[in-house]
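Residue numbering begins at 1 within each chain, and the chains themselves are lettered A, B, C and D in the order written.
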Amino acid sequence: MIVVMRRGASEEQVQAVVEKVKELGFRSHLSVGEERTIIGVIGDERRVSEGVFRVMEGVEKVVRILHPFKLASRDFHPHDTIVPINGVSIGDRPVVLMAGPCAVESREQLLETALAVKEAGVHILRAGAFKPRTSPYSFQGLGEKGLELLAEVKEETGLAVITEVMAPEQVPLVAQCADILQVGTRNMQNYNLLHAVGESGKPVLLKRGMMSTMEELLMSAEYILSHGNYRVMLCERGIRTFEPYTRNTLDISAVPVLKQLTHLPVIVDPSHAAGNWEWVTPLSMAAVAAGADGLLVEVHPHPDKALSDGPQSLRPERFKELVEKVRAVAQAVGRSL
Amino acid sequence: MIVVMRRGASEEQVQAVVEKVKELGFRSHLSVGEERTIIGVIGDERRVSEGVFRVMEGVEKVVRILHPFKLASRDFHPHDTIVPINGVSIGDRPVVLMAGPCAVESREQLLETALAVKEAGVHILRAGAFKPRTSPYSFQGLGEKGLELLAEVKEETGLAVITEVMAPEQVPLVAQCADILQVGTRNMQNYNLLHAVGESGKPVLLKRGMMSTMEELLMSAEYILSHGNYRVMLCERGIRTFEPYTRNTLDISAVPVLKQLTHLPVIVDPSHAAGNWEWVTPLSMAAVAAGADGLLVEVHPHPDKALSDGPQSLRPERFKELVEKVRAVAQAVGRSL
Amino acid sequence: MIVVMRRGASEEQVQAVVEKVKELGFRSHLSVGEERTIIGVIGDERRVSEGVFRVMEGVEKVVRILHPFKLASRDFHPHDTIVPINGVSIGDRPVVLMAGPCAVESREQLLETALAVKEAGVHILRAGAFKPRTSPYSFQGLGEKGLELLAEVKEETGLAVITEVMAPEQVPLVAQCADILQVGTRNMQNYNLLHAVGESGKPVLLKRGMMSTMEELLMSAEYILSHGNYRVMLCERGIRTFEPYTRNTLDISAVPVLKQLTHLPVIVDPSHAAGNWEWVTPLSMAAVAAGADGLLVEVHPHPDKALSDGPQSLRPERFKELVEKVRAVAQAVGRSL
Amino acid sequence: MIVVMRRGASEEQVQAVVEKVKELGFRSHLSVGEERTIIGVIGDERRVSEGVFRVMEGVEKVVRILHPFKLASRDFHPHDTIVPINGVSIGDRPVVLMAGPCAVESREQLLETALAVKEAGVHILRAGAFKPRTSPYSFQGLGEKGLELLAEVKEETGLAVITEVMAPEQVPLVAQCADILQVGTRNMQNYNLLHAVGESGKPVLLKRGMMSTMEELLMSAEYILSHGNYRVMLCERGIRTFEPYTRNTLDISAVPVLKQLTHLPVIVDPSHAAGNWEWVTPLSMAAVAAGADGLLVEVHPHPDKALSDGPQSLRPERFKELVEKVRAVAQAVGRSL
């Protein structure tokens, strides 16, 4: 951490910072420049807030030097984390496909979709039983009934299941059926929920908040990892910007940046970013070309009857085309599907 | 709702939309333009998703006409909602001050601050027992112990209390001590929590998500109102933008816009927006000049010892100056303090 | 265009809008809903501002139905525009590479880079003589001297040249040497410049403003097209968001969305988006996988001596690797390099 | 400037940075921490790009310590700059009002507005002859004819005039009539234009780019100041965010932050930020409460006939109310009107 003093800060002010550094158990390092004096704080800065210094008289700003995350960082864990699910290794050479409807709507709808995506080569079925919706007047998901249907279809098809959990008290119930617990974009900083999924020991797919930086995503992962649960996957799903054409702006750069910063697998959800099925296939291809370890894609047999996210859902036959196009890209970048 | 067909959409495609409109129980209204055919959907569009139409063949886009919120809207509730707390009427002529430390840290710290803000004319004490923190390595609040201290200080000073609740299961406990339940910016779309505070029947201060639109804020309020709990206050606390100088960008326009759209009181939190105590006073004055019904301000007797948000906390003597300056502005705009 | 009246708008107010529609030479179409009356405006809405109606008494909002751009739209020009430059057809099956240093710094630097990128298979050399720089204290480009060096190196290598033009009065001079005139991100809405490059008749690469929507980009293209100059290429180069890790956020979705909206070729500049050479190769691969017609990449033989943009410039040997990886992706998506 | 080495950077890499620092004429300062080695660069960092170090092997990041602007900074010019125009001192105790139509449309329209705003107490008339418009199909201003009308109305009313200049070659012409040259939001980084207005020696009102940080605004001011032209006023006019209700988001915090960073006067344009006349008055009051030195407000006698920006223009009688309300706030904060 670097404490930058204001121009003209007094000797006493500088001295007070130096003493504060010592009091907090760090070593200090003074450097007097032409326009500013700066004080280096030596030690593990993660355990102290920059505010401690920023409020002191004569201080202009405080700059952190270290990444605030540790368990998620490649600095301390250089090798890729691999999460095995249902015979596939997420984070390894194969690109993993997770696909299915936005929400569980009925046994028929779920089974039809599951069989279709299975046939297309998918190993992991996605579908929500608990649905966070902006409007209280929208379909809120089937809840426990949805979980039962998921369990049945899982049994019947042999597919693994990823489904969202919205509140700490739902974790035990959802964990019975799900192979992967999904934490949604609106809950990325729901810390009680992060603790609960950390405790569960289950694989977790953590979606980036639509308003969150990559660093904040890694800090939220850190909450889960701090419970000893290392089976965490990060998911880029589009961020909020000023551009209205797409539902959100897929931050494709997050793929190579996160792969550099962290050992955790990086999954891309092109459906929520696009908000429109027509762009899901090119975004899926781009994601794999950029190095994504997997895709989370919305598929619905009858998008015009979908109770949520119909416009961004692919019909099964279009999803098959997506799979073939993604396979070609995966092979071009030295991966398999 | 307006369904816009693509240029060159076929008669069959148009007809299919018209039939879908009828099937959903709406009336339709066809208008054939030079470049596009558009179909008006007549009825309460809030009960249907635009996706239903957007996925249909030949449809280019769907435009909503009505506000998606109803209970929060002035359309159906033209008069200002007034929330009486501890003898002050929030949403009425007086501008209401809520002030105190970011977090409860100790009995001494809390009592010292409470007495100072009371002396400055404040009726409502703010302080967090449960703290949502970006980093798992930061101080996470005193939890239940913090609530006990709040209850003691409330008893001792006669101040009303506003404090944050982070999870549905905490609501009963927090509601014992708090006069106002605060839902934080990261939880604005934590729907399980919104249901729980709605159920509680307690006054709620709902903070705008730092990257949520005003419409989404009103939709989240709608969740609470739909439980019959109308004592809801909205809080603008800064939104996330590309500007790095301030912690967040205070969206001052939200004050007049929200006052026009909704009957609910609008409170401004200048401290989190600024992230720096030096700018809290001018932002407070601006908020009141723009029509805010109240302010939520962080005050700490020793900001350099604060366990969170020190840099944006005002010392009691500076807070007193803020109160005097805000009082002058309040009077200039026909309000009192 | 749709004019939405406020709830409770009077008959007179509705009538006034209807008459205004007629006065402006449009036909109107009235639709009385349960909560709102709406008035359809039939005719080419592009020639009128929505403000004309929005200011009228009783009007709540005005919604445009048509794309505001016409010449750039596929509606009126369904086939891809192809821009032939130096034997390559931009917008056709091959993915076109434009590469070179950020700025012309010296004859040696420019020639060395040009020969390296030519050897790697590039047909178009990029390099700036006039440089828009945030700081007046930064290197501002060699200006006319830079253009002379570009002309020499062009002569010597047979490469075509793309270079930036910053002001209308520079256009004739720059057009002497350049095969493609580049309009930079800060000048996307410099209308005097857009008119000048439109007049010049030269091929133009129009960079998206770093905080401009796709629609605004197409409107700026419309300025150039309106001079009868149809050899316009659009360039996505990253937009400004709240994410600080990358210099800008590459809006990869812009590729498929623009290809759908317009017939103009779409080029991607991964270097300015990333701001860091380490991420340029994966972003280039993603761009081609998403359907980009070309890439604009910064290459410098000695990035540590570069007078601008060193950190995002690739050394020639790394650029060769990029070309090979991009070639594999191009082939996987049915294109060539 | 601080150079942060990667974890595990070699001694040779550290040494290479140290030598580079020396080679560039700075002193270095080495500090070896537990996880990272950092190297302080001592001297005026403004003359060197951080890229020089960032590209070196083993370097993780480079952090600037000093503000990149110098002439605009209070560090080197602590006292407020005051710009006298037509008997009013901008930047001094009085809050200065500039008002008038978006565009000069006709002699009658301009004169009617000028007389109305003069009567309301305004000293400076705003109106555009050259208009930057997103669409080539929109009214583009009267150009030279508009300047002539401005000159006539100026003569007739005795008001000073502020009007926009869009291109370097227009500067001499516009400077004949204008008392203040306005650089618009889309031209904030049109460096050729900044040089030209700097050269002109005329007072300049520099609007913040809708996509620009405060630091970039100050850097653009620096371009003008570097020509010895110190009569520069900064103008906050709203920035682009994700919030669609307002045209732009007025960054009210920019007022106290800029007043702290720079000695230049700070003006607020509430009209373009709001995009809707209904919110212009509360935003004007907020701006003055926050410390703005002046306001730039759009007034039109017949907003429904305005050729641009009608919806955000105030009728003269409403503008008079604005003036009275703003006067009350100005007095409450110790200023006059």
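In this section, a contact is a pair of C-beta atoms (placed from the backbone, for glycine too) under 8 Å apart; a residue touches a chain by one contact, two chains touch by 3 or more.
Worth saying up front: this structure is predicted, and the values here are computed from it rather than measured.
Considering every other chain in turn, the ones in contact with both subunit B and subunit C prove to be A, D.
More inter-chain C-beta contacts link the pair C-D than the other of A-D and C-D.
Among the other chains, the CA centroid farthest from that of subunit B is the one of C. Averaged C-alpha coordinates put the centre of subunit A at 31 Å from the centre of subunit C.
Taking each chain's centre as the mean of its C-alpha atoms, subunit C lies 26 Å from subunit D. Centre-to-centre, using mean CA coordinates, subunit A is 38 Å away from subunit D. Of all residues in subunit B, those that touch two or more other chains are 211, 240-242, 244.
On the side of subunit B, the complex with subunit C involves touching residues 2, 4, 7, 29, 31, 33-36, 38, 40, 42-44, 63, 65-66, 75, 211, 240-242, 244.
Remark: subunit C residues 211, 213-215, 239, 241-246, 249-257, 260, 273-274, 278-279, 282-283, 285-291, 325, 328-329, 331-333 touch subunit A in the complex. Taken together, the subunit B residues at the contact with subunit A in this complex read 20, 46-47, 49, 51-52, 54-56, 68, 132-138, 140, 166-169, 186-187, 189-193, 209-212, 216, 219, 222-223, 226, 240, 277, 303-304, 306-311, 313.
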